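Heads up, there are several structures right after this.
The same subunit A turns up in both complexes below, where it pairs with subunit B and then with subunit C.
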Partner chain A sequence: MDSASVAISRPAPWRDSLSRSLRGGLKGGEYTWAVAFVVPYLAVFVTFVAYPVVYGLWMGSDPSLYPQLFADPVYQDTVVNTVLYLALGVNVKMFLALLLSGFFMRPGWWMKTLLLLFVLPWAVPQISAFISIHWMLNGEWGFLNNALYSLFHIEGPFWLNERWSALGAVIVSHIWKWTPFWTLILLAGRMAIPLEIRDTARVDGATGVRGFVHITFPLLANLYLISTLLSTIFLLGDFNAVYFVSGGGPADSTHVLATIGIRDAFDLAQPRLGVAAVMSALPLVIPLVIVLMRKLRTTEVQI
Partner chain B sequence: MSTITADPRLASLASTQARRAVHRRQYLSQAGVLVVSVLLVIWTIVPIYNMVLISLEPEGDVFNSHLWPKVPSLESFWSVLTEGHWYLEHFWRQFANSFYMGGMVTILTLLFGSLTSFSIGRMRIRHGWLVSNCALLTYVIPASFLAIPFYRIMQNYGLANNLWSVIAALVAFATPYAIFVFQEYGRSIPIEVDESARIDGASPFQIYRRIYLPLMAPALVAVGTYALLLAWNEFLYQFLLLSTKSSMTVPVALAQFLNSDQSPWNYMMATAIVYSVPPVAIYYAFRRRMTAGLTMGGVKG
Partner chain C sequence: MAHLTRRSVLGGSLALGATRVLGFPHVAKAAATTASMWFAQGFVKDEDVSLRKAVADYEKASGNKIELSIIPFAPERQKIISAITSGVVPDLLDNNPIEILQIYAWQDKWHDVSDVVEAQKGQYSDTALQSVRAYNAVTKKHGIYGVPVRAAIVPCHIWRPLVEKAGFKITDLPKTWDAHFDFFKRVQDNLRKQGERKVYGIGFQVTANGVDPYNLFMAFLVAYGGRDIVTPDGKVHLDNPQVKEAAIKAAAYLGGAYRDGYVPPSAINWNDADDNNAFHAKLMVMDVDGTLSTEVALKEKHPEQYYQDIVTEGFGYPNDNAGKPVPNIVGFTSCMIPKGAKNVAVAKEFLKFFSQPKVVGEFVELGLGRWLPVMPELAKSPFWQNPKDPHLKGYVQRGLLDPTLPDPLVFNPAMAEVRNQHVWSLAMIDVAREGVKPEAAIDKAFKRIGEMFAKYPVT
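Moving on to the complex of A and B:
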């Protein structure tokens, strides 16, 4: 990675030519190979990532789009929904994952079996799971209301017919689907804490909550922070939970930025407006990306 | 929890109390574990149980209020497998499309990812960090945000309604993760292995093919599983780019069900279950390798 340190650690080449140092110490034929190996990925990156990014920036570059966008009442609701979805979806999920990763550190066959079952939502495709949840929440025929009535004689509400309960359903579905994944990540982080540290801490009386506050969490903090930031980005781009669970309804009141862009572009046939909706997330996305790129590049933490 | 006293009776009393306290605490913590376990099982299983329940209902019996199927029937699975409903007439074609797409995404991600990380990590190509940064940037951009311009571009390329447009998008978004994991894993292989092969006259391609790839096998399995699951989970790009019945994949067909008024829910749920079988099987088969992969490189949900 770091060409300076590479040059020092290698024995000095017998003929130090300029072109060779430009090639990072590779001989002519080898340099050709090295370039040829990188070209396929670079071609994919330029054609299918960089070009769409530039194209998107160009599509959304017309300033007159934004007053039109901000005046749309659906867009105003969308911003509120996105903020709620981010705040609750990310934090509740990560906090649950933190607690559950501690729970799954317990020894015994039962914990291992339970973990196998618990990871199931992550392995099941999103589409299947979210369609099932959509029908489960049907007010008249859904499993949830049937169960509420049979077990407690409660008439459940029409979950997806009211904005806040529909948004709540989307958030809970997201948490259901992704908590197992982050639990596994944090569990791996806890496992990586050397046994001696934990044992020494226990001998010194740092058990339970105190052990967590003074030993485990400081060691996990960086991993937890990176996971939270990444999960924020992933959730911001999450299209499926909203699309399948609430469908943006009732009356377009539960859209988030990822779905409103598609709705504007394809249902309303205004692709530029759709791109503008997505671009309005940039003030949040750009700082996140910068912090994340720094963190992922410089820290030793490997998730 | 021991008390030092001169009186042995007092000492034994104290230790009995201590033992009782320990017992009580153990009992309480076991009860707590049991309660949490039961809640977790219910939480995890309900949406999946709902899927199975409805798929076992005979046709027209979906609109009822039982909590378990009164007359369980495999009829809906049979209909899916024999394409026995007008909605399912291209099921096998669509299933094959999903497989083809997943397979191609996996192969190309592994190929491009391993070539790139070999060039950056092992051959130490100059400016390799620039390529790493491109990958890192791709990794932190939400894919759904690029869907609209991507759709436009594919229209211009004449690749609309072509599985390869979806494959290209998914490879572009899966390869960065592959590059991270491979670079991270590659650090555990001493560079001297490559150098001695080079002195023996092996070309870079031979080193890649004969030494690098075999040594990277565990990481290849982890990333391959990841890429396949990513392709299987993806919906938006398939939905936008594939619109004819013979070119679409299973998720797009399922979404069409959702939008129609007369949705045959038992067929939908049976289709959803059949579609879920391959990833669940693959996940549980390669679970250990995958978890190792998660802790090796970056994260992708």
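Moving on to the complex of A and C:
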């Protein structure tokens, strides 16, 4: 073999560099072990994350599904309901959680006891809780109307018989169920604010509302925003509150995208249409996820 | 302690793989004699026990194995639709909901089971045979895609004590359609005079939820002369004046009863179980609900209610307004074999066993008679003719021996869309709450029905 052929058969320097880069600086057996450990994770990721997402995208990829979906009068009401559910359900809940997290910062054993009671709605299984609410709101024999009649001789309304009161019942149920959880998250955020900052601010006269506006809220703002974004994403996929409180009724008037997806997929036996209904939320979900990811990278807080 | 090396790990993995491959023929051999089956869970435990017994009897007789999964009603429906969509199917399943037989026959998703049904063809009622025949839009032919195993009609369930409290007797019940239902309005009026604040006369499911409102509307449609809305050739007849008039009358009566305060207000948003709960709570004097589940649920714990208090007078319905009997619409549970099933041979063999009169008859009887048999000969058994039972004899007479009709969705799956998109419900609700005239409500409904049938042309 002459020297020219040896020069030709040697790998180019950039290939060496690429190979090293791909191997993360690992050599020989180390690299094999690394691959062996990564493969199970990759398999799980592909099977349980990538495949379902791609399959869902494929199921909802037929453009002819969307005119059919948009022409459904139930879908049109559903979009309005979803927007209201998100706007009221998320913001009222998060605002209440913000206020309550401040309340629960107060010292004392009775506050801890109260907090324990307060988190109960979050701790109870949600399906049984929502079914109980459905029964409580029954117009004829439900607890609420019977209590109104027994105590005040008032004939209560049929809460689940009208679109807006039924949707209102769903939103209130959601807020009741999830406010404790987000209160705990914000409470943890408040507790993480160093005592020195609060003491210093107090010395400077930033107490009460001023302390909240200038110290607490700026320090909580990122957490609040991230919590709100997460809550919005969770709520978009929420099925249980609507399904078990109002059942999507009366006359299919209180569906949200998650429940109409199930209705189309299984009640109408048209799974692709059901997926399309859920996919129609993507224009909202994708920007939310992008903003969320960006916010999660933010580490600095400005006071 | 053994030292773990790359070589030992790879060697071990290879050995495991080899074991799997070498062991496979044994698994395959077992699979050849095993079929998987999904079936909806019963309303009472006895229904599941009766199915398990039929399966055990087959296994004993054949040496084959049936892997039976009894699944609650709603999850099974979702599981079936997911399975058919993904192609990963069991060998046998029931038609839960009933329309999947026709919907997926249209898409060529079932194996034809004519040979199984043929073995007992002379035994089945005509309605049963019609209900398992469906159109395949791929082959452009009709086929037999299910084996009927049980049936149900929609009886009226009446609280005798409430009727008597209102000053009437059960024997006062009129025998013709409108008069029969009007009777319960008078019962309610009398009960209200006695201070019963929250008891209603009639439990019509004027809701857009579940299958009850569709069944209710269809019964009224047939009683008012609209039975030809869909003919066995799969064609819809919305331009038939008799059909339209019947639909208008049905919407007017059902919506009107709600509007006039004779139906519990919450009925507008009842789910499938709410009417049962409301009836058991004596919120209404009469309920219209499929199968004898209302009675059977009480038989063990409250036998006095089963034997004395609840009356199923007329079983289903009274005569029409002209005094002629109204045929009951019968819904059938059938078993199907999906395409993609791994063991069609065992599945068919099991169905041949299961569809024998003795086996399928016992299956229905052990389920306490919630469901009807599918073969008229079985109605003669002492179980169904028991003179001490106040419900069974009449139930089997009206649902099996008297003239009956299949649900029109068996002629065209478009009618399943009518049912599942609650077209009739919306017409009833329009009349009941929105002040819409019945004619306008039915015009709107017929327009939607026309659009649905346009998607399912039977050639």
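Convention: the second predicted complex is superposed on the first by the 256 of 303 C-alpha atoms of A that agree within 3 Å, B and C clash if a C-alpha of one lies under 4 Å from a C-alpha of the other, contacts with A are read in each partner's own complex, and residues count from 1 in each chain.
Keep this in mind: a residue touches a chain if its C-beta (ideal position, glycine included) is under 8 Å from a C-beta of that chain, and two chains touch if they have at least 3 such contacts.
What you are looking at is a predicted structure, and each value in this text was computed from that prediction instead of being measured.
Contacts of A:L184 after superposition on the shared chain: subunit B is touched, whereas subunit C is not. Using the contact criterion defined above for the overlaid structures, shared-chain residue A:I286 touches neither subunit B nor subunit C, since it reaches no partner. Once the two complexes are laid over each other on the shared chain, residue contacts for A:A221 go to neither subunit B nor subunit C. Applying the stated contact rule after C-alpha superposition, one finds that A:V53 touches subunit B and leaves subunit C untouched. By the touch criterion defined above, A:F266 lies against subunit B and subunit C together after alignment on the C-alpha atoms of chain A. Measured by the number of subunit A residues touched, the leading partner among subunit B and subunit C is B. Residue contacts after overlaying the shared chain place A:A147 against subunit B, while subunit C stays out of touching range. Once the two complexes are overlaid on the shared chain, A:W33 sits against subunit B and subunit C alike.
When the two structures are aligned on the shared chain, A:G249 is found in touch with subunit C, with no touch to subunit B. In the superposition on chain A, A:I197 makes contact with neither subunit B nor subunit C. Once the two complexes are overlaid on chain A, the subunit A residues touched by subunit B in the first and by subunit C in the second are 29, 33, 140-141, 247, 265-266, 271.
Against subunit C, the residues of subunit A that register as touching in their complex are 29, 32-33, 36, 138-141, 158, 160-161, 166, 246-252, 265-269, 271. Across the interface of their complex, subunit B is touched by residues 1-3, 6, 22-26, 29-31, 33-35, 37-38, 40-42, 44-45, 47-53, 55-56, 59, 100, 103, 106, 110, 114, 116-129, 131-136, 140-141, 143, 146-147, 149-150, 176, 178, 181, 184-185, 188, 192, 226-227, 230-231, 233-234, 236-240, 243-244, 247, 258, 261-262, 265-266, 271, 274-275, 278, 281, 285, 288-289, 292-293, 296-297, 302-303 of subunit A.
For subunit B in complex with subunit A, the touching residues are 33, 36-37, 40-41, 43-51, 53-54, 62-67, 111-113, 115-116, 118-121, 123-126, 128-129, 131-153, 168-169, 171-173, 175, 179, 184, 203-205, 208, 229, 232-233, 235-236, 240, 251, 254-255, 258, 265, 268-269, 272-273, 275-276, 279-280, 283-284, 287, 291, 294-299, 301. For subunit C in complex with subunit A, the residues that touch the partner chain are 6, 9, 77-78, 81-82, 85, 97, 99-100, 103, 198, 207-209, 264-266, 268-269, 271, 278, 281, 283, 416-417, 420-422, 425-426, 429.
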